[in-house]
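Just so it is clear, A, B, C and D label the chains in written order, and each chain counts residues from 1 on its own.
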Amino acid sequence: MMSLLQSAPAQYRAKTSGRFEYAIANIGLAEAGRHQLRLAENEMPGLMALRAEYAGQQPLAGARIAGSLHMTVQTAVLIETLVELGAQVRWASCNIFSTQDEAAAAVVVGPTGTVEAPSGVPVFAWKGESLSEYWWCAERIFDWSAEADAADTSWNGPNLILDDGGDATLLVHHGASYERAGAVPGPEQAENDEERVVLDLLREGLVSDAERWTRVAEGIIGVTEETTTGVLRLHELFRDDKLLFPAINVNDSVTKSKFDNKYGIRHSLPDGLNRATDVLIGGKVALVVGYGDVGKGAAEALRGQGARVVVAEVDPICALQAAMDGFQVATIETVAAEADIVVTCTGNKNVVTADHMLKLKHLAVVGNVGHFDNEIDMAGLERLEGVERVEIKPQVHEWRLPTGRSILVLSEGRLMNLGNATGHPSFVMSNSFTNQVLAQLELYVSPERYPVGVYVLPKHLDEKVARLHLDALGVELTILTDEQANYIGVPVEGPYKADTYRY
Amino acid sequence: MMSLLQSAPAQYRAKTSGRFEYAIANIGLAEAGRHQLRLAENEMPGLMALRAEYAGQQPLAGARIAGSLHMTVQTAVLIETLVELGAQVRWASCNIFSTQDEAAAAVVVGPTGTVEAPSGVPVFAWKGESLSEYWWCAERIFDWSAEADAADTSWNGPNLILDDGGDATLLVHHGASYERAGAVPGPEQAENDEERVVLDLLREGLVSDAERWTRVAEGIIGVTEETTTGVLRLHELFRDDKLLFPAINVNDSVTKSKFDNKYGIRHSLPDGLNRATDVLIGGKVALVVGYGDVGKGAAEALRGQGARVVVAEVDPICALQAAMDGFQVATIETVAAEADIVVTCTGNKNVVTADHMLKLKHLAVVGNVGHFDNEIDMAGLERLEGVERVEIKPQVHEWRLPTGRSILVLSEGRLMNLGNATGHPSFVMSNSFTNQVLAQLELYVSPERYPVGVYVLPKHLDEKVARLHLDALGVELTILTDEQANYIGVPVEGPYKADTYRY
Amino acid sequence: MMSLLQSAPAQYRAKTSGRFEYAIANIGLAEAGRHQLRLAENEMPGLMALRAEYAGQQPLAGARIAGSLHMTVQTAVLIETLVELGAQVRWASCNIFSTQDEAAAAVVVGPTGTVEAPSGVPVFAWKGESLSEYWWCAERIFDWSAEADAADTSWNGPNLILDDGGDATLLVHHGASYERAGAVPGPEQAENDEERVVLDLLREGLVSDAERWTRVAEGIIGVTEETTTGVLRLHELFRDDKLLFPAINVNDSVTKSKFDNKYGIRHSLPDGLNRATDVLIGGKVALVVGYGDVGKGAAEALRGQGARVVVAEVDPICALQAAMDGFQVATIETVAAEADIVVTCTGNKNVVTADHMLKLKHLAVVGNVGHFDNEIDMAGLERLEGVERVEIKPQVHEWRLPTGRSILVLSEGRLMNLGNATGHPSFVMSNSFTNQVLAQLELYVSPERYPVGVYVLPKHLDEKVARLHLDALGVELTILTDEQANYIGVPVEGPYKADTYRY
Amino acid sequence: MMSLLQSAPAQYRAKTSGRFEYAIANIGLAEAGRHQLRLAENEMPGLMALRAEYAGQQPLAGARIAGSLHMTVQTAVLIETLVELGAQVRWASCNIFSTQDEAAAAVVVGPTGTVEAPSGVPVFAWKGESLSEYWWCAERIFDWSAEADAADTSWNGPNLILDDGGDATLLVHHGASYERAGAVPGPEQAENDEERVVLDLLREGLVSDAERWTRVAEGIIGVTEETTTGVLRLHELFRDDKLLFPAINVNDSVTKSKFDNKYGIRHSLPDGLNRATDVLIGGKVALVVGYGDVGKGAAEALRGQGARVVVAEVDPICALQAAMDGFQVATIETVAAEADIVVTCTGNKNVVTADHMLKLKHLAVVGNVGHFDNEIDMAGLERLEGVERVEIKPQVHEWRLPTGRSILVLSEGRLMNLGNATGHPSFVMSNSFTNQVLAQLELYVSPERYPVGVYVLPKHLDEKVARLHLDALGVELTILTDEQANYIGVPVEGPYKADTYRY
């Protein structure tokens, strides 16, 4: 990228913000990205409805949002929605591989800008970052010296974080913590490469400004968090009395967890299997490991393609649900020798072990749509004596086993619906991201409701997210009469259910 | 029944308990009932597993349970399970129509008794009680003068209530309340017939014993409640500081609400439609009003029979779920003219109005599986000028409308899965009732955990209920490794999920 | 019945036709039957459409139809349709148990008659005939001395047969054959009871009129046959050069075989299971033996109720279809020990043997929806040493096996969708019966097209049957443009497919 | 390609066969192709079973097969199966776009050859041929001067054709016809570009050898044809008494038409939609035009992904099937305004017209999986005044309509399951291709059974094809007892069904 930047017009070279480097480096991509944004907007009615609802009102005027979330086409629509609502935004990705460069470029150029005169949002993200590049990008979204109000020079950080996985939140908390301690631990205290990179970055920063993260933390009204993992970290911080600002858990909105997990996977699992292998799903034995929302979506998708689905479960309630839904429920050990497809959906580690893989049918397909990269024991697989790995194509590897059989592992055990397909489709993400925008609005407009703590969005906003997606699907909603609303003790306009309702 | 009792052998006539009257009145029924119990036991593995788990231990020894719940074959298995665990039991039904006489007779006779020498449980219930008979039966379960420990003559009431709908609980609370007030309101203050019957009963009682219900209330360790309606009443009592003893809400156990409502209705809705009308479901347009758990089960069942299902919903989240599950979502007004079958599943009133019914196709079938008898506006239907009601067969009526068209209304708007079929099957009830037994055990064995309040069963017991039903379905459960349990922060043996998990 | 007739008004007693005896014997039933007919007419749009199409035209004027087909409510609508098209009709059932008495009574009374003054069709059928009564009824439909045109005294038989299973056709062929031979074999030559009854009847007849069946056969334009079995007999007769008149095979119309078998069973199998046992189908292992049209309907129905369906098949093509539809395919031997429900759908004998039944789970349910009563080896079951049969209720028997386990056998191995439920619903039968009416019309109006032989209805009539059922389901049909019709080489109005098309 | 050939080693340059040019031109591709073949072999158990069955027997020894069928990975496994059975083979594709270059290269190299020393089969096919290149390739498969037996110099053509669409068959028939006429029509008589190319090719050939195609035709034992279109052409030739050799219609084997069409489309339709658009299918309204086998597969796939499927049909029988399967059946006109996805499955032309497209929702997706490129009226779309076509990505175009709305058209109206995905998966093609091999064996081994005419494979071979695919899916087949086989009048080993059976 540097060399491209070197060849850029002088006025851009002088800039320090990532926005311009990016636009220059990706001339040609931005236009393709804008096409895709336009199509995605049609599939993200929740976000577009918020733009319409707040047209001309700018409820986020004055908000400075530091965003850390996969820089995809869908995120681009999210970012531009935040901007339309009045926010200033800086963005990084939360994963070194997940950036769609054309989406990033399109956001930088902006809806009304051009490649030559970009007018969009500074984005610090590209597909295939190194770890140090990743954390450099993460740090960049906290430096608002360029964007911040010139009149308010007392500090220059964001006042809101929009986070996915908690890396942005972690940076602030660690930074402030080391500032209080007066020192950052040495690299030898890092438990892994990534931690060392973070320590290095914070240590260097401490030299130039010993109160930067403390100031940043003070300036932050709150964070909205997208994922289970990020929410877990927030709960631990709060439990340990270390949480520095309130957090809204977007992950557990019904319109996030029940839609994203179930319907998103229903879509992207067979998509990933097909793109990876072109193997007929119909008639095959497919083992779905885990029958939570993700597993439910996976099982439905595979049955819908004519597979015979077997479910493995740990939780007796979910196991009973699987049985009542007509699936055989068995252990991997029992099914391994007849399974053609194995999909992990657990959120746990080593659910498919090397031993399991040794027992699978020849050329069985193994993939993960659960979380991270450790549901399939790739390390154990690699350690097998005499095992051989042959790349069939990117993200599809044949592992030749000592038994003489082979298996096909997708995306090296990482999320195959992302690695072999394109992840959740826009409509599903529109639900998640409408929750994000509403959560940002809650924190910014009504901070008094949110003392330091971890919250879920109130039920009426969850219902609002759903409501904003109905028209696009041609759904006609029935309206309660006053008499009916009284009878069940709810307002006519909702919310309609107790917080414990399970849907 | 009296006359039958008069003709009974003298030794029975001398008894005052309902047990003997019943056995005599139903000579011949008891044997058929015992056959059915034997078959039902095979379908109620949760209850049978509890019998096996506690064999010889009698954890409920000393418990005196007053039960008020539909006196069906399944309830008979519940009752005998409580007895096997050491409890003494007296029983009434919670509905004037729902008693299966052969089940009642079989319980009275008991597993080891005979018609001539019954050794079972006193049951006060028969199919087709009048309102005053119903409340007489309800009162009878609180009179333990025959069964109570002779050594403990200080009082003679139950120490536990097992309730369905809250009538037994209501009797105690009203009784004690009027005793505190020193008087029972006059019949003119009753809002309806049933209330007047209750007031009469309590007024008469107050004359003979002015502290009876106060003593009963004091003796009660707690109540376990089966239904939404009963739980609502309990929450209101607790909110108003009037609750006299702790209550466990069995209704909201996952293994109750998510199984009973969804899978029970999936079974009994088409069963009821078929028995009532023999109309082909395949190819028809079926309108499911409400897409909660009941509606989800209904929609799945109708689709499984080849109907084209349309859903009507008020709650945008449930509406969005219906759309994502592939159903058209529309208002009754939109669909009425093409609907062949209309099923209410809402828990609300007047969801199908007379106006709606006027618009339906000729001979459209209208039924309710939601709650009570007011989801379909029967009163409004009756008021239509010139409307005519023709009984096709019991529980199936053709209503000839002023439009010249007719509709078929099932079970006069009451629950048609009960009225036209046989309600939830044993396996589903085994889940509910295993929760009931565990809840009774909790209250009796560990009363210190339950100060006055309304509780749901702890997650580990909910999981246990599920666990006890797996073997019967051939389900093999996977067991977490220690490493995996640590990784997700749960014990190997569970519970596995947070209380807010939605399944 | 005789005694009822004896007590009838004198004017009825003098009559010889069955119509009047029946009406008298069933006073009270007829009204209920007329109610049911009215409801059934709404579900039989094909027949009602034919009535409308030929209103005032009487295309069957002069036709004298001898009908032998289950005397149900649906058949009643068929009979009255034939009458509306101008035919004279006499009717018997084709099965000793299948008559619905109220339907028979209603047909005798007729749409415009009363119980006192019946104006309908002579029906010779009641529920629970003996074998000799059955064949007496069968003979009665060939005696048209009362109905036949007084001007045409040369003979007094029908000119068309509408047959189900071929008994009516058999009677004519055997009768004529013995007349040619000049003698009927003695009773000692009968292979079974039923054959002896037929021989006796024919032998007696030969005495009084030695050319009766020869004349009847000569008068018959043709027969339309409903079933596989009847068609098989017809093909054998034709192959052996013994067929006396042309036959139309209604059974193999697409709108019969693909609808009746698949969608009829999809409806009536779960209905029968529920009425018989009330056992939850969801979560259970259900073995469907045979994956032809009946098996396909059975498997779909069971899956639709949440069962885990396993299929057993002999034909590798059907087995592969089952696998591609997502079902496990295995032998009974493999699955017996885990099957909760076993359903035979094969058209073959002894597909479930006593050995299989010994291996089933305790209280597994075993039923037949295939054909006849020999798919389940009831004889083998009875021969097991120490086996015990306990009637749970009519048509539901527990067989206590020497293993200590029991199984539940439905309808004693006969068709359980008939024995435990009410068979195919009206809408499905409307397809079959519209084919019947069209076939009768073909033979009567265009006899020149049908030299002696066995025919299926031409494709355009098959399509017409379907067409007549679309409006009732709200189906909008697309119409080909002339250009499109040319392009695929079919007329705009059809037929659209080659005779070999498989649908 | 020429330049690559020029740079090839001299010994290859001297060769005239396409095999070597190809191998050289595709160095690097062949290895990837061999990987894919190995994976595909695992998914084509029918072909592999034939290799095993005939191992060492070479039943096709002496056969010289001219093949014209999409040169894909699956076809590569077919070709190598023919070779293993002893045949000599030359191959061209039957479509200018469908060749997978790596598959072609792999076949040329052969299983035991290397890129430097190819030992495979001459293949004349590459992705993106011009029309004249296409017909040059087609001609090349008839020139066996290099491969033919040196001892048999009298002629040098193939003795079998394996055809897809009939182009190879057409070339022989036209060639021989013009030879009989003594002249090829001038280019001005061609009706289109492609016809002119064929005439040119034949005219040039006639100059050098005036009896070539006559000799070729005489040498041909028969052709096996894959497609509906090719079979239609063959029937027309036979009807007009112009067919020069027997033909086996592989298309109408049950294991072809019912599997390829239904299960192949069920797989590849959603795959194509996903790769093309990434649009969520769940919750959308999808219009399936045509409910034959292709439409049935399409509807099942879309429902399996949670779409609300509406079917449009012309044939009342298929329309009734769709209704009974639970789908709304309506015309395009009725549904257009609410359809998100429109898929044509008819085999007819202009089923989606420009008028229809004008009525669709904004950004509705329109694709064809029926046949050819004229189901969607692309010409009409282009003619709309002011219409604009924007390429979103290859094979995905946004058409901006004069209404201000846009639609997305996939693969320019050609088969989108091929253009946007990878067509039928290997397992499905294994069924088709096993039929092909069996048909080639029939013609070659038992030519006496096949006088000139058009045949389908006998039922027992159709069943054999199915049988060879069962093990791979873990299917256990049940075996008839002798008694059972007798009872239904079939051999124990099959065939089991009449030719008219519809499956």
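Operating definition for what follows: a residue touches a chain if its C-beta (ideal position, glycine included) is under 8 Å from a C-beta of that chain, and two chains touch if they have at least 3 such contacts.
All values derive from a computational prediction rather than experimental measurement.
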Path length in the contact graph (subunit A to subunit C, fewest steps): 1
Chain separated most widely from subunit C, comparing mean CA positions: A
Result of counting contacting C-beta pairs for B-C and A-B, higher pair: A-B
Centre-of-Cα separation between subunit C and subunit B, whole angstrom: 42
Centroid distance [mean C-alpha coordinates] between subunit D and subunit B, Å: 61
Computed distance of Cα centres, subunit B from subunit A, in Å: 44
Junction residues of subunit D - those touching two or more other chains: 263, 282-283, 303, 306, 320, 323-324, 328, 473-474
Subunit B to subunit D touching residues, read off their complex: 282-283, 303, 306-309, 320, 323-328
Contact set on subunit A toward subunit B in their complex: 252, 254-255, 257-259, 263, 293, 312-324, 328-332, 334, 347-351, 462-464, 466-467, 469-470, 473-481, 483-484, 487-488, 494, 496-497, 499-500, 502-503
Touch list for subunit D against partner subunit A, complex: 32, 35-36, 39, 42-43, 263, 266-267, 270-271, 274-275, 277-285, 300-301, 303-306, 338, 362-363, 390, 392, 398, 408, 421-422, 425-428, 473-474
